[in-house]
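The structure follows.
Chain lettering (A, B and C) follows the sequence in which the chains are written, and residue indices restart at 1 in each chain.
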C-alpha cells in the first residue's frame, strides 16, 4: 500500500511541473491557434530563456530582473524569427512551418552549444528556505514557481479577455480574414502573439532553471511534453492545455513512484496515443466537433 | 470615389472575373445584380484586397489600392459585410463592434457616440451586447455585421447579399438601414439577388453574367423595363 | 510514356552513376570509401521516407524508429546465432521494423498532417526510452556490439565481408531497392499515392480507399527504412539508442527536403549534400556544423522547397 504522504507529495510535484509545462504549452497553443504554426523551436526558446537568465543573473545579481530581461530578449528574438522565417510561409502547406521551425530549432540548439559550451550552468533560486511537508523539507521556491506560472497565465487570460489587443488576438484567431477586413493589422498580431509565446517559454526556462541544470538540450524534453499537452488539451485551446499540462505532469509524477523518471515519460506518451485514438480533438474539449 | 477598371481575377486556374469595371460615386447606392456564381462576391472580395487581381486596377479617392491588404482598406474607409456575415462567434456582440470601434484617432467620447447611435438603430444589439455572437439569430447576426461595419465610419460599404437567408419581413428592415446610411452620405455597393430591393434602393445598377458586366443602367430605367431583368436574372 | 530518347538518357545516366559508385572502393581512400557507403545507407533511409513525405504527402518523424528497430533486429540475429547469419539479420531487422510500421500504419489512417507527425515523433521516443532503459536486453545507453556476418550467397560465395564486398553489397541492396521503389511509385499504385498528396478529399471522392493506400505506403516505407538499419548494423557492427532518437528522423527529413521530395534519388543526393556540408564545415567548426547546415536547410524550406533535384521531379517520375 502506497503511503498517503507519498501520493500527496507527488500531487504537489505534479502540480509544480504541470504549471511550468502549462506556461510553455500555453504559448505553443496560442501560436498554433492563431497562425497554424507548430513551433518546433519552442523548447529552444525555453532553453534560451534559461541561458539569458543565467547571464543576466550573473550581471545583475537579481533574479527578477533576470526574469524580465530574459522574457524581453527572447520575445524580441521570437518576433524576428516570425517576421523573417514564418511570414513568407503564410498560406503554404502548414507542414512547411513545422519543417522551418525544426530547422530553426537545430540552429538555436547548436548555436547555444557553441556559445555556452556543453557544461550545464546553474541559476540560483531567488530565495531558499523550506517548509516541512510530512517527512520532507519541501522548498518554498517550488511553490513559488507554481504560483508565478499561474499568475503569468492568469495575466495572459486577462489580457486576452479585456483590452483592445486581446480582442484583436481573439478575433484574428477565429477568423483572420474578417479580422483583417475590420482593420486589424493581422501580420503584426501574428508577430506579437509569437513574441508573447516566446516570452512565456523564456519565463518558464528561467523559473525552471534552478530546478535543473541549464544546458543546450534542455528544450528537447520540454518540446516533447509540450506537444503532447497541446494535442491532449486540444490544439488552440488555452484552458485545455493548462488542464492537460497538469494532468500529464501528475500522471508522470505518479508513475515515477514505480518506475524511473526516464521511463515515466512513456505514460505521457500513452496519454497522447489514447487521446488520439478516442478523442482526437482533445481530452478537455467540451464536445468534439 | 471607387473605381474598378478591367479587373481579371482567378481562383487558382479558374478565370472568375473577365475584365469587370464598376464605378461608385461618393454617397451613391449602386446595385450589382446577377445569378448565383457570376462573380459578384468575387468582385467585392477583389476590391477588399482579399483576392489579388491578375489584371486591372482599383482606385479609391484617386489612389490606387489594387492588391492593398484588407486592414489598410478598412482604415481608409472601405468596409466589407460578407455574404455569410462572418460574425466572430466567440466574441460578444460588444466585442464584435469593438473590432471596428477600437481604432487609432478615435476619441473615447466619439466611440461612445458611435456605439449609442448603433444601439439606437439596432436596439436588439444593445440587449444582447454581452452575449456571444454565435448565439444570435440569423437576422440579428446580419444586423451585427452591418453595425460592425458602421463602426469603421466608412465612406463606402461593400454589402454582400444582406437579405440572403433572412425572413421576408426583415428585408424591409434592411432597406431602411440602407436608406439611413445613404442619408448619412455613406456610399454602398450592394450585391443582391433580391431584385425589387436593389432597384428600390439603388440609383444605378450593374448586371453581371459569367464574370462580366453585361448591362449598366439607372435603376429607374430598369424598374420600367422588365425585359433586361428577365434576360439576365430570369425573374 | 516519355519519348524513348529521354528514357534512354535516364538509364545511361543511371548506369554511369552506379558504375562510378561500384568503382569507388577501388579508387578512393578508405575514409571516402566509407563515406560513400554511409551515404548509400542513409540515402536508402531517406528514400523510404520519401515514399511518405514526397509521394503520399505524410510528414513522418518516425523513421528513426523503423531504422533503429531494423538495426536492433539485425543485432539480435547477429548476437543470438553463431556463426552470425546475414539473411537472418535481414529477416529479423525487417520483422522489427515491420512491427513498428504496423502501429504507425494504423495511426496514419486516423490522423492527419500535424497530428500524424507528432504521433510518429512520439513513437520514436517511446522506442528510444524503452531501448535506453531496458539495459539487460538492449544494452541501454551503450548499445550493442557484435560481429559482422559473412557474405553468404548459397552457391556463389561464403566469405567474410571485405571493405569492397561490403560496399558492393550495400550498393546492390540500395540499387535494387531504388529500382523496386521506382517501379512501385510509377505504377498505378504510386499514382494514387501522389493523388492523395495533391488532394486527399478528392481522391477519396473518386472512390479510392485512401486508408488502404496509406497503410501500404507506411509498411513499404517502414520496411525499407528497416533494411537501411540492417545495412547500418552490418557495416558498423553496433546498434545504439541514439539512432532511435527523433532527431535522426529530423535529419532524414532534412535529406528529403534538401535533395528534393518526390524524386526518390533526390533524398540520396540530399544525404550526400548534408554529409559533404558536414565534412566541409567540420574543418573549421568541428561540432557545430549543424548551425550552418540548419540555416541552409531552413532557407531551403522557405525559398527552395523543391530541393536540389526538384526541378527534375517530373522527368525522374515519368
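As a working rule, contacts are C-beta pairs under 8 Å (C-beta built on N, C-alpha and C of every residue); 3 or more make two chains touch, one makes a residue touch a chain.
Keep in mind that what you see is a predicted model, and the values were worked out from it rather than measured.
Taken as a contact graph, with one node per protein chain and an edge wherever two chains touch, the assembly forms an open path, each chain linked only to its neighbours along a line. Most remote from chain A, judged by the distance between CA-atom centroids, is B. Distance from per-chain Cα centroids to the pooled protein Cα centroid is smallest for A.
Annotation: 33 Å between the Cα-based centres of chain A and chain C.
Note: centroid distance chain B to chain C, computed from Cα atoms, is 55 Å. Our note on geometry: chain A versus chain B, Cα centroid distance of 43 Å, whole angstroms. Of all the residues in chain A, the ones that touch chain C in their complex are 38, 85, 88-89, 92, 94-96, 98-100, 102-104, 106-107, 109-111, 113-114, 224, 227-228, 231, 235, 260, 262-263, 265-266, 269, 272-273, 276-277, 280. The touching residues of chain C, when paired with chain A in their complex, are 59, 107, 110-111, 113-115, 117-119, 121-122, 125-126, 129-130, 132-133, 246, 250, 253-254, 257, 285, 287-288, 290-291, 293-295, 297-298, 301-303, 305. In the complex of the two chains, the chain B residues touching chain A come out as 48, 50, 69-71, 73-75, 79-80, 82, 86, 88-91, 95, 98-100, 102-103, 148, 152. Remark: chain A residues 164, 167-168, 170-171, 174-175, 177-187 touch chain B in the complex.
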